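Alright, structures below, take your time with them.
Two complexes come next, and they have one chain in common, chain A, joined by chain B in the first and chain C in the second.
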Partner chain A sequence: MTRIKRRRRTKISLFASSFRGAHSRLTRTITQQRIRALVSAHRDRDRKKRDFRRLWITRINAVIRGMGVSYSYSRLINNLYKKQLLLNRKILAQIAISNKNCLYMISNEIIK
Partner chain B sequence: MAAQAAATTFNGNLKKALAGLRRINLEGLRWRVFDAKGQVLGRLASQISTVVQGKDKPTYAPNRDDGDMCIVINAKDVCVTGRKLTDKVYYWHTGYIGHLKERTLKDQMAKDPTEVIRKAVLRMLPRNKLRDDRDRKLRIFADSEHPFGDRPLEPYVMPPRNVREMRPRARRALIRAQKKAEEQEQGGSQRKGRKREAKTEIAA
Partner chain C sequence: MAHRRCLQSFVRHATALICLRKSPPLSTLEILTTKPNPVISPPKLESSWFTPWSQFRHFSSSKSDGSENEEEVEESSDGEAENDEAAADLGRDYSPEEKEAEAAAIGYKVAGPLQRSDRVFKDYEPVFAVVQIGSHQFKVSNGDSIFTERLKFCEVNDKLILNKVLWLGSPTQTIIGRPILPDAAVCAVVEEHALDAKVIIFKKKRRKNYRRTKGHRQELTKLRITDIQGIEKLEIKTDGKPLKAAAKKPEKVATTA
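Right, the complex of A and B next:
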């Protein structure tokens, strides 16, 4: 009867308790918004990996271009692969933020 | 005192120069000065747009605006190659039917040379919500005076570029123009041929 419906719906509305306006108050919209939220989360778990890699690449590019004439991210990666250095972009971006000179030293070693 | 004296030499556009400065928070930004004298328009605008976006910093984030303040001076001395001075046309539509307006680069430089660079840079920025804020960080001045003398300014050094060698026809025209200029200097008559003069300026 009503008990069962209410129990099911309170479980769902707990998920949507922080949503804005009618999306956290009306039961039918709550179920819809919960589904949409979960779909977005599922899709964006894969997107997150792509987005962060993009961000790291942009940051590395920004720092590397300050190094010399016409040195760029693409050349850096080429040199990395040629010297078989296994640093990934995440680490390179962290190095770029925290300690720029360290990245310059690494890239100078790689160029030779 | 000297800064105030320099600031009040161009009272007309002082308001425009300082407009909206309060809206830009985060004064951890650098102030970079670009000298547009003798620079090619598009290449300069490309560098300015990377700096204004903050894409030369390792702490770049696409959702927040972290670009440096850019001051461009000598905007009236910016160069273009080819026949763009007469042939590049800026179009805009006023919204009324049939009212497509146009203006050539030459007229725009005569009217307001800062708009040329501003349009170029603005059209190179990504069209998102941060575009207007980035526009506010751009200050362009036609001559070489600006009211920001008291700030810690950093001149921006343009990256070196390999200029393409002149095409044979253009080179022959250049040599002809130089010979003509020498003859006219000796003759002492008026100087003609502004286009060829512009080509010598670009090639040099």
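Right, the complex of A and C next:
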């Protein structure tokens, strides 16, 4: 009779095997912490998309403000849409970090 | 009455397949108008089923006219039996090979034939391109591997040409497309069709005795980028003069930047 309980609980404790302290040792807390971990993962998979977009926008903003006095991310995006460029923020942020000069050249082209 | 409806729907489906093969949108409109009036519900379904095909037609007509003509000639020589088998295999809508070309154009890739004895893999070149596949953009250079959403109509070891290139860059030049660069192309090879790692979807409402568990593996395709065309690449093969070459490059960057 105990072997059925043990099988089920070993499956669950395998999931929580890398948790800290009592959360990987005591069976009742293992089941609770597994549930909390799965719920957080589910919620944060959607949050991850939002978080990365925020990060990219911050990075682009930081690099673009180095160009001129009153030049900012919002003006850059406005100019991109006016000139019909389809680049998205992920790529712009990667270029902003790897070679800034490329991004400066593009934004100079777009301002005109 | 049910028997009669079955016959009518079968006739409509047969005529639909014939019209889609011939492909002008006007013929589909004619068939809808010549249907008998008392049967009201099936024509509505058909109109919703036909309009996406007419939309796809408009998107693809400008791009792949030459390839469609060639494929039509090949199909007529092969015969209709193979078309019927292909329809049964691929399931829903992609009966002739024209449809494959259209759907590929929507995903911005054109499949080339399989290759065996071609040396496609070159050394690293300091050139990058920004390519769009579906709704995802990737910054790519020679020898990179990308995971994209599962691309239909290509198998492992197929060569692909990615049309939608938004940006090309090299140490000396950068070229931007508005929105696309028409002459640029990025060649890639399909490495594998794989499933992503399993993700557990877990929903819980506390104190309400509600808990659901579901597993999901997304279908992916791994592409390896082999070539970028449309930009000048500097080839420095001199072994005895590396210092002079290195001195030249920063000078060129300064003049163009």
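Miscellaneous remarks
Keep in mind that, in the parts below, the second predicted complex is superposed on the first by the 112 of 112 C-alpha atoms of A that agree within 3 Å, B and C clash if a C-alpha of one lies under 4 Å from a C-alpha of the other, contacts with A are read in each partner's own complex, and residues count from 1 in each chain.
Here is the rule we use: a residue touches a chain if its C-beta (ideal position, glycine included) is under 8 Å from a C-beta of that chain, and two chains touch if they have at least 3 such contacts.
Keep in mind that what you see is a predicted model, and the values were worked out from it rather than measured.
In the superposed model, A:Ile97 lies in contact with chain B only, and not with chain C. Of the two partners chain B and chain C, it is C that touches the larger number of chain A residues. In the superposition on chain A, A:Ile4 makes contact with neither chain B nor chain C.
In the superposition on chain A, A:Ala62 makes contact with chain B only, not with chain C. Looking at the shared chain after the overlay, A:Leu38 reaches chain C, while chain B stays out of its contact range.
Of all residues in chain C, those touching chain A in their complex are 130, 132, 137, 139, 166-167, 169, 174, 176, 178-180, 199-204, 213, 253, 257. Contact residues on chain B toward chain A in their complex (touch as defined above): 55-62, 159-160.
Partner chain B is touched in their complex by these residues of chain A: 55, 58-59, 61-63, 65-66, 69-70, 93, 96-97, 100. Here chain A touches chain C in the complex through residues 35, 38-39, 41-42, 45, 83-88, 90-91, 94-95, 99, 101-102, 105-106, 109, going by the rule given at the top.
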